[in-house]
Every structure is written in structure tokens, then in C-alpha cells.
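Below are two complexes that have chain A in common, paired first with chain B and then with chain C.
Up next, the complex of A and B:
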């Protein structure tokens, strides 16, 4: 709870700082504030507590997931310092929006009540709608904001309707009560319908088949830093919420419900990886790669409570690799109108360290050993085989092979150059390169010692 | 005090770092010194091992899932380790013939690859083994991509095909390991080799492993990446690939596939052996028609490793021993042959056999070396190649005489296409182009290879003591 209060005060403080003309201190103070919030969070590590009639529940899962969110926000805010240089008069808006987004994400993992869940989801979504459309003069950004807003509100509507039906069936918004009721009483049909409606909304939010169509367009149109936020923070927050809900609702579903989820996973993996093959815009490529990773995280959700450490590990590996990759993309595309793969040509000649960083980040996503992404996949495969999902694992293996192709496309482009590329200049940017290198080092460390994460549970 | 086998890995990785940090001029020397140090250490380790000292290294790495960094040495591992560490200095010395741009990066990648390959041969924990197996792939991919020959576009396509092909196979192996882990709760070799599998399970595991190893070796019909990759890679990459890296596949059959999935149904095993034998004949026939010397050597190599794979899959002691002997022999022979091709390429600037000829009258020493290595390649008695090939054919005949009959054609065909190549490339009327005699460096490399091939051919006990 102290974390939430700290974050809320931080968000307001940022707005106040703007009023009293301390614009230059906003980003550094926010970063310090985030570290303080992280400190509060870590202090709560072993406590189990609940607040406001079980509206907010603190336990180990909550603390770990929200710590990840805070770390990701830390990186994103730091990147913002450089990204919003041209519109620095609005830095307070952008930074506070990101903190609000984090508050939403926090609520989405700490909720004990469906109302709180919905509140968190909306806080997160609305800030994202604004951020997606924040490049006002760019028609693509407008389109992205509009598209995301329209579709996102439909998804929220589905979720809300689902919550209402579940309330109708169990007479409660409280997760514990719902779990109790659904395990002991015979549930009416609309309980199931309610959860399926929620499923629609959740699949939309994590961008999984068949509700993934928005992702490439919105990722492409949004300002690059918003894309970074969407594909890292927003995605893992939605997955965490989904996971928490799945623990309550999956046991109450009919026996063959897991087949449905398994089917969705398989199709998500295939769609994400196959569609990524033909992309020449790096944002769209990352969008489809994100869809396929949503498939992997769904796999962990399907495997249930046992796979919780592995889900968390996968989320950390994916999000940190995402931050590293996007930092380098930000670096390369600083003064480019569009983020095409071709812009990376010859990058390795100019900035070998950053090129290697992006390569490692992509290799981690592809699941090449010793990087964190490899262990993420390995743990999931082991768990899935343990529970007998053989076909799913085989498909996941095959789609991983497909994914190599498009990740390598980017890597190879970086190491290719023609004489014309020798003259390309890249603006120096200390923040982007530092964040990228820190993120990839974290990725390597948890790759070398997965126990650091797994043993937290 | 007995040494520890992990020392070799550490020296390789430190050497790779030092090479990367140095400048292009000294990189090759640092790499050579690193590899020589390791060659000496490997010999000391062998002496320790034969004295019965414990040179293995075991350390818990991850508790859940249960993975430990265990490097245990036995005869098989040690032989492969010796092959790697002794071949590497030869390969690096051989590469000095060509001036590579950004040599520090190239040699760092080479040492890193040696690190990964040595790790593959030493690791006794399935997952650690898998990690090293994959790590070996990345450097060779970049070596081929960045230093290879031919147009960028063609080279890129070839190397990406190679990477995806081999990576695809090994992911299935990973899935197999994950499944075995769910059965045993451990990745360690000692547990996995004791696992009891039903025939159905063993079939799937066997096939998953086969995909990984069959592509790496390569076994017909999974070989399509090979000739192109060998041709487009720089010579140093080709030597690493054919001399050491494909032994990883053969070694893994002996180490992992047969002990774990030995319960596989007889039909699958027969099919795989027949595929190996088809590969021998098929590759020999293509080699017969090849006009590019590098491609010819690639196919001849495929024919030879097909025989080794068939012997390894037979699963009896003779096959096991024959496979190990022939792996070592093939490693030295194929590096020697590619080096000879590289020397000719340096003088004539061509890999096409029709551009060569008339070398003998100008360079008798070179011709002598060529002939010795060529004889070892076709398995002439007195050379090391003969011992391996004979043991393997004997092992095949123990199982089924027909196998040996068909596989035996490889010796006849091999002799035919190699001697034909020799005749067209080296003999013949004097060429108008000048072919200078071997330099001291080349003399040393070829000399060492010939000494090994003849020495072990006459007294193979030196090597076979390790694993018999």
C-alpha cells in the first residue's frame, strides 16, 4: 500500500513541479521517487496484507510483479528525458502520465476486487490512449490513438459486462468470495459467459489471437517511446492481471476449457511469428514478435500456479530484452521519420557496442542459450511437457525456429554495409546507450543465474 | 596436483577476450599461443587421466530446475578434447596464409568457437551440453557471414539457411531433454543414461536427437546446407566446421543418443543406418561429378562421416571404437585436404579443378604431401584412415553383411574420385602458371598432419588406449 501512496504522490508532485517552474528537476526527481517506491515495495517483500475491505491485496506475487513494473517505468522515464527533448515544455505531462500508467499497472496486479481490477485497467488504458496519440501533428499517431481508443474501449466494455455477469452469478466483486462461490456452488450459465467476455477483453489487452489486429497498426503509429511502453510495461501488466484472474476462474471452467486456451496459444504463436517474417518496419516487426511472446506467456498462464516463477522469469526476460532493443531502436531512429529495418544498415560499423546490444536483445527473444530468453522458454517447455501438452510444445518449438529468421534479418542488416552507409552519422545519445547497455547486462546476469529470479518464490 | 579440465575452457575464453582486445596484427599470434597452451594442457590432462587422477569439475548451477555445471572426462570426451585442442593450432597456423580484415574479431570468434566445442565435448549435464552446442553455432555463423567468399547476397542466404537448419534441429533436441527432465528430474548424463523408456518414448526421443545430429553431421537427406556452406565459408571456417564441429554430432550419437534412446524400435534404427549408407553412396557420386575442389571435398567429407554415423548407430563395441578412431582420422585428413585446396587457391586463385594441373613438376614436396593425405583419406593401409574405415566396415558386417557391402563401395568410389581429382589437379602437363613450392609455414602444417596420420596408422594403440 505504501508503494501505491508513494507513486500517487510522485505523480502529483511532478505536476506541482511544473507549476513552480522546476521543469529541469522533473526527470531526476521522478527517477529518485521511483527508486523510493521500489524501496517501499522491497520492504514489503514478505508481508501479506490487505487494505480497504480486500480491495488491494499485498503478497509475494504482488510485490514481485509490481517491482518489475517499477523497474521498467524507471527505464522508460529515463529514456523520456531524451525522447521528449523537442517538446520539453510538456515533459511534466508525459512523465506524470507514465507514473499514472504505473499506478494502473500496480492496481492490475494488486487487486483483490474486480472493481479495483477494472479501475487499474482503465487507468492504464486511458494513459496509453493519450500517449499513443500524443504526437499531435503526425497523422499516423492520430490514427493510432483513435484506433487504440475505439477498440480498447470496446474491450473494456466486454470486460465490464463480464464482471457484471459474474457479479450476477456470485453476488460479489471480491475475488476470494467469487472463488469460494464458484468452487462450492453450482454456477449458472452466465458465470461462464461472464468469464468468456472477460477473456475477450484480456486477450485484446495482451494482444493475443484473435484480438491482436490492433497491435501492429497502433505500435507503428505511436511515438516510439509509447511503443516501447506498450510492448514492455503494458504487456506484462496485462499478462499479470490475466494470470491473477486465471487462478480464480480457470478451475471453475468446464474441463475442456484448457483445450480452448491451448488452441489460442498455438494460433497466437503461429500468427505472430509468421506475420513477422514479412515486415520491413521495425515497430511492426516488434509488434508481431510481441504477439508471439504473448502466446508464450499465455502458455505459462495455462500451466497455472506451478508455473508462476517461470511466468515471472519469462516476463522479466522479455521486458528487459524489450527495453534494451527499443533503446537501440530509439538511438538509430532519432531523426528518422519512419522506423524501417533498412535504417539499421551498417549500424555495426558505426556503433559496434550498441549493435551487439541489439543483437543480444533479439537473440534473447529468439531463445538462444545463455541469454535470459532461452531459460524462459526452457522452463515453460519443461512445465508444459510435465503437464502433457506435447503438441503445444512441438508447435512452440517450430514457431521459435521461424522466429530466428526475422530476428536474424535485423541482426544481419546491422552487419551489412555499402560504401554509401559509411557516411551515415548517428547522433550521440548518452541516455539511450546507457539504458540499452544496463538492460542487456541485467538480461545476461539473469541468464547466467536464473536462480536469482526463480528462487525469489 | 592434477589439473582440471575446466582450465581449458577458461583459457579459451580468456584468449578470445585478449584476441578481441588486441590489434589486427597480433591477433593471430595471440590466438595461436592460446591454442598451443591448450594443446599442451590437453596432453598433460591425458597423462593425468591415464594415471587415474580426477580431472573432472562438478558444481551446482541452478537448483530448480536441477542443472549443474559438470564437466566429466572419460575416454570418449578426452579423445574429442584432444582432437579439438590439437587441431586448433594447426587450423590457426593454416589460416595465416590468408590476410583477413579485422583479424582480431575473426580470431576471437575462432577461439570462442573452440571454447564452445570443447565445452560440448566435456559437458555431462544435458542442458549445459545443449548450451555449449548452441554457442558453437553463433561464431561459425558470423565467421561465414562476415569473412566468407562470394557476393554478400548469396553468402547471406547460404549462412542463414545453415543457421536456421542447424538451430531447428537442435531445438528438437532441447525438447527431448525437457521431456527427459520431466521423467528423471535431472539433466545429468549419469541419470539420463539410466532412464527407462518405453519403445514409443524412445522412438520419439531418438528421432528428436536424430534431427539435431543428422543435420549437423550431415546425414542424407538433411545435408542440403553443407556443400554451400563449406564452399562459401572462409577456409578457416570450413576447417573448423568439417574438422571439429561436425564431430559434435557424431560424438553426441555415442554420448547421448544411443545410451539414452537405445531402446528405439529396430525399424527406425535400420532406417537411419540405411539413410547413412545411402548418404555415403549419394555423396560419393556427387563428388565424382564436382568441378569445384571445395565442393568435392565437402561431398567426400559427407561420404566419410556417413560411414562413421552408420558405425555409431550400429551400437556395438566395434562400431563405437571404429567411430572414435575414424572421427580423429577424418578430422586431420579433412583439415589437411582443405588446406591443400587453400594453398592451390592462393597460387592459382581458383577452386575449379579445370584451372589447375601440372603442379607436380613445379612443386614435388607439395605433391608428396598431397598424396599422403589423399591416401589417408581413401583409407590406404598404413595410414590412420585405414584403421578407422576397416573397423567401421567390420562393425557393419557384424550387424548385417549387406550394410558393409554397400558402405564398402565408398572406399572404391572414394579412391576413384580422389585419384581422378589428384590426376587433374596436380599431375598432367606443366601449367603455364607458376606454382611456387611450399613455404616453411605450410611445410610445418602439412608435416604435422602427415606425421599424425602415418604415426597413428602404424601405432594406433597410442590413441586407442584412451577408450578401449
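Up next, the complex of A and C:
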């Protein structure tokens, strides 16, 4: 709870700093404030508590997931210092929007009541609509914002209608009481209809099949830093909320419901990985790779409570690798109009360290051993095999092998095309390279000792 | 209010809000004018609001009606953002036809 208060006052403080002409101090102060919030979070590590009639519930899961969100926001705000250089007079808006987004993400893991879940989801979505359309004079950014807005509010409508039907069936918004009622009483038919409607909305938000089609367009059109936020923080937050809801609702569903989810996972993995093969825009490529990773995270959701540490490990591995990869993409594409893969030609010759960083991040996403992504997949597959989902695991392994092809496409472009255009220069950028290297070091550390994360549970 | 619910029955309220929700959903899928699409989103959210109020009366529990206030605030914020994006689009291309937004392809 103190984390949430700290974050909210931080967001307001940023807006006040703009008024009293302290624009230069905004980003450093925000970073300090985020560290303070992280400190509050870590102090509450072992407490189990609930606030305001069970509206907000704090337990170990909440603390761990929200700490991950705060760390991701820390990186994203730091990247913003350099990304918004040309429109620095609006830095307070962009930074405070990111903190509001973090508040939404926090509510989405800390909710104990459907009201709080819906509000958190909407806070997250509305700030993302603004950020997606924030490059106002660029028609592509407008289009991305509009598409995301229409699709996102469509999905919110489904989630709200689902919540209303579940309320009708159980007479409560409280998660504990819904769980109690659905396990003890016979539920009317609309309870199931309600959860399926919520499932539709949630699949929209995490961009899984059959509701993934918005992701490539929106990722491509949005400003690059917004794409970073969407593919790391927003995706991870939506998956965490989905996981928390699945613990309550999956046991109340009919027995063959897990087959439906397994089918969705298989198709998500195939669609994400196969469609990524023919992309030549790095943002679209990352969008399809994000869709396939949503499939892997759904796998952990399907496996239930005992896969919780592995879900968290996978999220950390994916999000941190995403931050590292996008920092390097920001570095390369900072003064380009489009983010095409061919822009990476000969990058290794100019900046070998950053090229290696991007390669490691992509290899982690592909699941190559010693990097964190490999262990994330290994744990999930082992769990899934133990629970008897053989077909799903076989297809997941095959699609991860396919994914190596398109990740290597980028790596090969960086390392083999030696003759880059003679006039290609890369502006030095201290922030992008520092964030990229820190993120990849974290990825390597948790790859070498996965127990650092797994033992937290 | 209770006697109204007894005369009409909760089923009718559920059917009505499902019909409204479907009207909203099909409006988003088939209409191409952005303002009409915004109205369809509002219809979807208000269908859910109607259902919440009906159930709140049915269960004699005030929580549902309180949730409706939150939803209305959220819906207002959402449409404000949507209109702001629409103004930006209109300034760039001079039209609010969604079909003219076809720059993003892969």
C-alpha cells in the first residue's frame, strides 16, 4: 500500500516540478522516487496484508511482480531522458504518464476486488493510448493510437460485461467471495459466459491468438519508447493479472476448458513465430516475437499455482531481454524514420559491444543456453511435461526452433554485411548503451543462477 | 424499485443488456465513421452498466451501483482520449474515416 501511495505522490510531484520550473530535475528525481518505491516494496517482502475492505491485497506474489514492474519502469524512464531530448518541454507529461502506467500495473497485480482490477486495467490502457498517439504530427503514430484505442476499449467492454455477469452469478466483486461461491454453490450458466467474455478481453490485452492482430500495427506505428513499454511492462502486467484471475476462475470451469487454453497456446505460438519470419521492420518482428512469448506465458498460466515461480522467472527473463534489445534498437534507429532490419547493417563494426548486447538479448528470447530465456523455457516445458501436455510441448519446442531463424536474421545482418553505407554514423548515446548493458548483465546473472529468482517463492 | 424487478424479472434485463452489448459490438465491427464507433463503445459500456444496476437491485447489494460510477468516470476519460487522438488525425489528413488509416502494413 505504501508503494502505491509513494508512486501516486511521485506522479503528482513530477507535474508540480514542471510548474515550478525545475524541468531539468524531473528524470533524476523520478529515478530516485522509483528506487524509494522499490525500497518500500522490498520492506514489505514477507507481509501479508489487505487494505480498504480487501480492495488491495499484498502478499509475496504481489510484491515480487510489482518489484519487477518498478524495475522495468526505472529503465524506461531512464531511456526517456534521451528519447524525448527534442521535445524536452513535454518531459513531465511523458514521465508522469509512465508513473501512472506503473500505478495501473501495480493495481493489476495487487487487486483483491474486481473494481480495482478494472480500474487498474483502464489506467494502464488509457495511458498507453496517449503514449501510442503521442507523436501528434506523425500520421503513423495517430493511426497506431486510434487502432489501439478502438481495439483496447472494445476489449475493456468485454471485460466489463464479463465482470457484470460474474457479479450477477456470485453477488460479489470480491475475489475470495467469488472463489468461495463458485466452489460451493451451483453457478448459473452466465457465470461461465462471464468468464469467457473476460477471457476474450484478457487475450486482447496480452495479444494472444485469436486477438493478436492489433499488436504488429500498433507496435510499428507507436514511438519507439512506447513500443518498448508495451512489449515489456504492459505485456507482463497483463499476464500477471491474467494469472491472478486464472487461479480463481480456472477451477470453476468445466474439465475440457484446459484443452481450449492449450489449443489457443499452440495456435498463438505457431502464428507468432511463423508470421515473424517475413517481417523486415524490427518493430513488427518484435511484435510477433511478443505474441509468441505471450503463448509461452499462457502456458505457465495453464499450469496453475505450481508454475508460479517459473512464470515469474520467464517474465523477468523476457522483459529484461526486451529492455536490452530495445535500448540497442533505440540506439541504432534514433534518427531514422523507419526501423528496418537493414539499418543494422555493419553495426557490429561500429559498435561491437552493443551489437553483442543485442545478439545476446535476441538469443535469450530465442532460448539459447546460459541465457535466462533458455531456463525460463526449460522450466515451463518440464512442468508442462509433468502435467501431461505432450503435444503442446512438442509444438512449443518446434516453434522455438523456428524462432531462432528470425532472431538470427537480425544478428547476421549486424555481423556479416561489412560494407555499411560510408556516411552511416551512430550518434554516441551514453544512456541507451548503459541501460542495454545493465539489462543484459542482469539477464546473464539470472541465467547463470536461476535459483536467485526461483528461491524467492 | 423492487416491485419493478418483480414485475419484469431479471431475465428481461439480461436479454436487454445483451442486445445492447451486441449492437455496440457490431457497430464497432461494421461502421467506419470514428464518431459512430465511439458511440458504439459507449453503448457496450452502458449495456454493462445497466446489467450491473439490474443485478445490484436483484441481489439488494449496493456494490454494483458504486461500480457503475467508476465505470462512468473511466468511460468518460476513455472517450476524451479517443476524441483527442481523432482531432490529431483530422489535423493530419482532414478526414475521420477509419478506412483512410492504412499506413501500417507489414
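Note that the second predicted complex is superposed on the first by the 452 of 457 C-alpha atoms of A that agree within 3 Å, B and C clash if a C-alpha of one lies under 4 Å from a C-alpha of the other, contacts with A are read in each partner's own complex, and residues count from 1 in each chain.
To be clear about the criterion, a residue touches a chain if its C-beta (ideal position, glycine included) is under 8 Å from a C-beta of that chain, and two chains touch if they have at least 3 such contacts.
Here the structure is a predicted model, which means the values were calculated and not measured.
Per the definitions stated earlier, placing chain B and chain C onto a shared chain A by superposition produces no clash, and the two fit side by side. Look at A:156: by the touch rule set out above, it reaches chain C but stays clear of chain B.
More residues of chain A are in touch with C than with the other of chain B and chain C. In the superposed model, A:146 makes contact with chain C only, not with chain B. In the superposition on chain A, A:454 makes contact with chain B only, not with chain C. When both complexes are overlaid on chain A, the residue A:369 reaches chain B alone and has no touch with chain C.
In the superposition on chain A, A:437 contacts neither chain B nor chain C. Distance between chain B and chain C in the overlay is 24 Å (nearest C-alpha pair, rounded to whole angstrom). Those residues of chain C whose C-beta lies close enough to touch chain A in the complex are 10, 14, 17, 21, 24-25, 28, 34, 37, 41, 44-45, 47-49, 51-52, 54-56, 58-59, 61, 63-64, 66-67, 70-71, 74, 77-78, 81-82, 84-86, 88-89, 91-93, 98, 101, 103-106.
Those residues of chain A that touch chain B in the shared complex are 309, 363, 368-370, 374, 378-379, 381-382, 385-386, 393-394, 397, 400-401, 404-405, 408, 412, 415-416, 449-451, 454-455.
Across the interface of their complex, chain C is touched by residues 114-115, 118-119, 122, 125-126, 129-130, 133, 136-137, 139-140, 142-147, 149-150, 153-154, 156-157, 160-161, 163-165, 167-168, 171-173, 190, 216-217, 220-221, 279-281, 284 of chain A. By the touch criterion stated above, chain B contacts chain A in their complex at residues 61-65, 127, 130-131, 134-135, 138, 142, 145-146, 152, 156, 160, 163-164, 167-168, 171-172, 174-175, 178-179, 181-182.
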